[in-house]
Amino acid sequence: MRQPIIEVENVSKSYGQNSWFSRNKPEYAVDGVTLAVNRGETFGIVGESGSGKTTLAHMILGILRPDNGRIKVLEHELTDSKVNLSDMSNKIQFVFQDPHGSLNPKKTVGWSIEEALHIHNVGDSAKRKEATLALMDRVSLSESYYDRYPHQLSGGQRQRVAIASALIMNPEILVIDEGVSALDVSIQASILNLLNELKKSMNLTLVFITHDLNVVQYFCDRVAVIKDGQLKEIFNVDTFHTDPHDSYTTHLFQSILED
Amino acid sequence: MTLLRVKDLNVELIIKKEAYPVLENINFSLNRNKTLGIVGESGSGKSITAQTILRMLPDDAIVNGTVEFNGENLLGFSERQMRQIRTKEISMIFQEPGLTLNPLMRVGQQVLEAARLDQSIPANKRESEVIKMLEEVGLKKDVYKKYPHELSGGMKQRVIIAIALICNPSVIIADEPTTALDASIQSQILDLLKSVMEKRDGALLLISHDLTVIKHMCDDVLVMYAGRIVESGKTDIVLSTPKHPYTKALIDAVPRFQKRGSALDIIPFSVPSLTERSGLSWPYLSNEEYLNEYFPEAGDES
Amino acid sequence: MYTNKNITLNIGVTLVSILFFMMIVSLFWTPYPPNELHTSDRLVSPNGQYWFGTDNFGRDILSRIMEASQTAFLIGISTLAIAFTGGLIIGGTSGYFGGVVDEILMRIIDALLAIPGLLLAIMLITIFHTGLWNTVLAIGVMGIPTFARVIRSGFLQIKNNDYVTASRLKGASHLWLIRQHILPNVMTPIIVVSTLYFSSAILAESALSFLGLGVQEPDASWGRMINEARPYLATAPWYILISGGFIIMLVLGFNLIGDGLRHHNESKR
C-alpha cells in the first residue's frame, strides 16, 4: 500500500459576503472534497475555469485556510492553527500559471532561484551560487542567465527559472498550476519532459492543476475531476478508456476535439 | 470561388531603423465555403498575416505583394475604403473576448452599434435584427440587456461572433478564437463559427497554435515558421503525412495518451527571433536538398 | 514624445545641478560674509562689486542667496525624509495588511488631506513655535498623506503578484517580502512623487518664511528675503526679482525632473 502524502478530508471553502446588512447564501468555491495523493505519483486536478481547482490547491499549500474539513500534508496538520507556512515551505512548493508574474522584475535569475536559501540562511554566498548553477544546469538554463533579468527571457525560460526556484530546497511535493498552458507546443513539450525527468531524479510528487485534457492524459497517473467545487470522480489514467465514468467526466473528455 | 487571394506577400518591420522581414513569399487563397487554417508557434507570423490583410500594421511597415479581395487589391485602398472592408466584408475575431467588449455598455447596444454601420439594415429593424443575431449565435434574448461581466467566457465569445456577423461579411478571420476558453466550450464555439459561415456561404480563416483545433475545423492548412509557409495542403493529408520536418516535429510535440511514459519529442530548432533571422541559415528554412540532409528520416515517412 | 521627455528631464536636471553646485560652493565660500553689514552701501543696484546688489541693511544679496540655498536644500531633504518615512509606515502598513487597519489609517489620511497643507503647517507652527526645525516638521507632516497614498496603492498592487506569494511559500517574513519584493517595485512612482514634493516643500517654506512663520534670523531663506524686499519693490526691484527668481528656478527644476521621469516611465510601459 502506498503512503498518502497529501490527505484532504471533506474540505470546504466559501466566499460568502456576510456583512451586517446582508446575509448572502455562501458560495462554495470548494464543497466537501475528499482526496488523497500518494507519494511519488503525478496527480492531476482538472476542471473548467471557476470550478475551484485553484482554491483547492491554495488550501493544500496553506495560503488559504478551509472553512471546514482537514488537510494533512506530510504529517503536518494544516488545519491546525499552529502550523505556519515556513515549517512546510521546504517540503511543498508551487509553480504558477503565468511565467510573467511569477518572477520579480527587479531581481536577477540567480537571485530568484537562490531566494529560499537566503531566507533560511543556508550556506554562504559561494555555496548558494554553486547550488544555483547546478540546478540551472538541470533545468537546461546556461550559466550566462545567472545575472539576467526576467524581461530578457522567453516564456519557456521564465518557467524554467520558476521551476528551479521552487526546487532549490529539495521539496517533496511540487504543485503546478497551469504550468504549461500559456506556452507554445514545442516549449510545453520540453517543460513536460523536464518535469518528468525531475520527478524521477528528485523523487517528487507532482500535483498538476490544468484544464488541458490532452496534457492530463499524457502526464498524470490519477486525475480528480472537479465541477462547481465538488469532486466528481478520481480515475486512473492507465485504465481511463476501459473504466466506467461519471457522466460529467465523460462529457468533459468527449469535448476534446477528436484527434 | 476565390474570395481572398494573397500573392507574393512580403512584409518588413522597422526595428531601430533597420528593416527585418516578418513575412516572406506568402501565397494562398481563401475560397467560398471553405475554412483555411494557419498554424504555427509564436513568432511564426500567423497573426501578422491577418493584420496585413486588414491593413492593421504599423505605418512604417514595408508591405510588398498583393492582397486581392473580390478582384481588387486591398493594399491600394484608402483608409476610408479599408474601414468599409473591415466592417462589412472581412471581420476579425480576437483571442480574448473580455478585452474586445466595452465593459460599461450593454451587450445588445454593442451589437446594435455594429449594426449601425450597415446601411442596408433600416433603422427601425435594427433591434430585431440584433435579437435575431443573438439567437443565431445561441444566446437567449435577455442577454441583450446584460453587461459583459455578467456573461461567461463562452457567452462573451458568442457576442463577439454576433458583432462580427451582423454586417454579413463574406470573410471572417479568427485569431485564436478559443484559446482562452475551456475545452468543453471550445468545441461549441468552433462548431458555431463553422456553421454560421457555411450558412452564409462565406470563408473562414482560422489562426491557431493548436493542431487539434486545426484538424477539427479546417479544409486546408498552412504551416508557418519564422514568417514563411513551410507546408500547405489539405488538412488531413498534411497532418497524417507531413512532408516538412517542422510540421512533423510540431505534430510529435503534442502530448497524447498514446505517448504516456515516453518523453515527448522536442522541436529541435525554436523559432528564431526577428533580428536573428536574416543572414542565418536556419535549418528549417533551408532548401529541400539541405532539409533531407538535416532531417533524413522525414522524407522516408511518406 | 521621445525627444520631449528628454528635454524636460535635461532642463530640470541642469537647473537643479546649477543650484546644487552653488549650495556646495556656499558651504566654503561666499563673496562676502552673508550677514556682514555694509552700512554705506544700502540698496545698491547690481554692479561689479555686488553682483546682485545689496539689501536695506547693506548686505550682499548674492552671498545671502547662496547662504539661503543651503536652507532650501536642507528643508527639501529633511522634509522629504519625514514625509517619506511617515508615508512608508502608514501607507505600507495600510497597503500590506489591508482590512480594518487599512480602513482606519486611510480615514485618518483622508481627514488630513481635507485640511489645506499650508494651513496644517501654520497650525503646527502655532503650536510648536517658529524655527528651522519646526518648519521642517510642519512641512514634513504636510507631505505624509500624499506619500501614504502613493505607497499604499503601490503595495496593494504589488503584494498580490505571484512572485510575492511564491516567496511567502518559501517561508519569507513580512519584512523580507516588503524589502526584497514590494519596495523595489514601488520605488519608481515614489521617486516621481519625491521630486514633485521636494519643490512644493521649498515653496511651502518660502510661503511660511514670507509670512514670518518660517526660518528666523539669522538663518537666510529665499522666502524671507522676498518678505524683506517687499517694501522696496519700487526702489530696489532687483532684490525681490532675484530672490523670487531663485525660488522659481529650483521649484521649476524639480517639477521638470518629476514630469520628465513620469513621461519616461509611462513611455516605457
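Letters are used for the chains, namely A, B and C, taken in the order the chains are written, and counting of residues starts over at 1 for each.
Basically, a residue touches a chain if its C-beta (ideal position, glycine included) is under 8 Å from a C-beta of that chain, and two chains touch if they have at least 3 such contacts.
By chain, with names taken from UniProt: C = Peptide/nickel transport system permease protein.
Just so we're clear, the structure is a prediction, and the values are computed from it rather than from any experiment.
A.B. asks: How many links in the shortest chain of touching chains run from chain B to chain C?
C.D. replies: Each step joins two touching chains, and the minimum needed here is 2.
A.B. asks: Report the most central chain, judged by the distance from each chain's C-alpha mean to the global C-alpha mean.
C.D. replies: Chain nearest the centroid of all protein C-alpha atoms: A.
A.B. asks: Write down the pair of chains with the top C-beta contact pair count.
C.D. replies: Looking across every pairing, the one with the most contacts is A-B.
A.B. asks: If you average the Cα atoms per chain, which one ends up farthest from chain C?
C.D. replies: The chain lying farthest from chain C is B.
A.B. asks: Find the geometric centre of each of chain B and chain C from their Cα atoms only, then give the gap between the two centres in Å, rounded to an integer.
C.D. replies: 55
A.B. asks: Based only on mean CA positions, could you tell me how far chain A sits from chain C in angstrom?
C.D. replies: Inter-chain centre distance comes to 49 Å.
A.B. asks: Determine the centre-to-centre distance between chain A and chain B, using the mean Cα coordinates as centres, and give it in whole Å.
C.D. replies: 32
A.B. asks: So in the complex, the part of chain A that touches chain C is made up of which residues?
C.D. replies: My answer: residues 61-63, 85-87, 89-90, 92-94, 96-98, 101-107, 112, 115-116, 119-120, 162, 165-166, 169.
A.B. asks: Would you mind writing out the residues of chain A in touch with chain B in their complex?
C.D. replies: 48-49, 184-190, 192-193, 196-197, 211-215, 217-219, 237-238, 240-241, 251-252, 255-259
A.B. asks: Chain A touches which residues of chain C in the complex?
C.D. replies: Answer in residue numbers: 161-163, 165-173, 176, 180-181, 184-185.
A.B. asks: Quick one: which bits of chain B touch chain A in the complex? Just the residue numbers, please.
C.D. replies: These residues of chain B touch chain A: 41-42, 153, 182-187, 190, 209-213, 215-216, 249-250, 253-257, 259-260, 263-267, 270.
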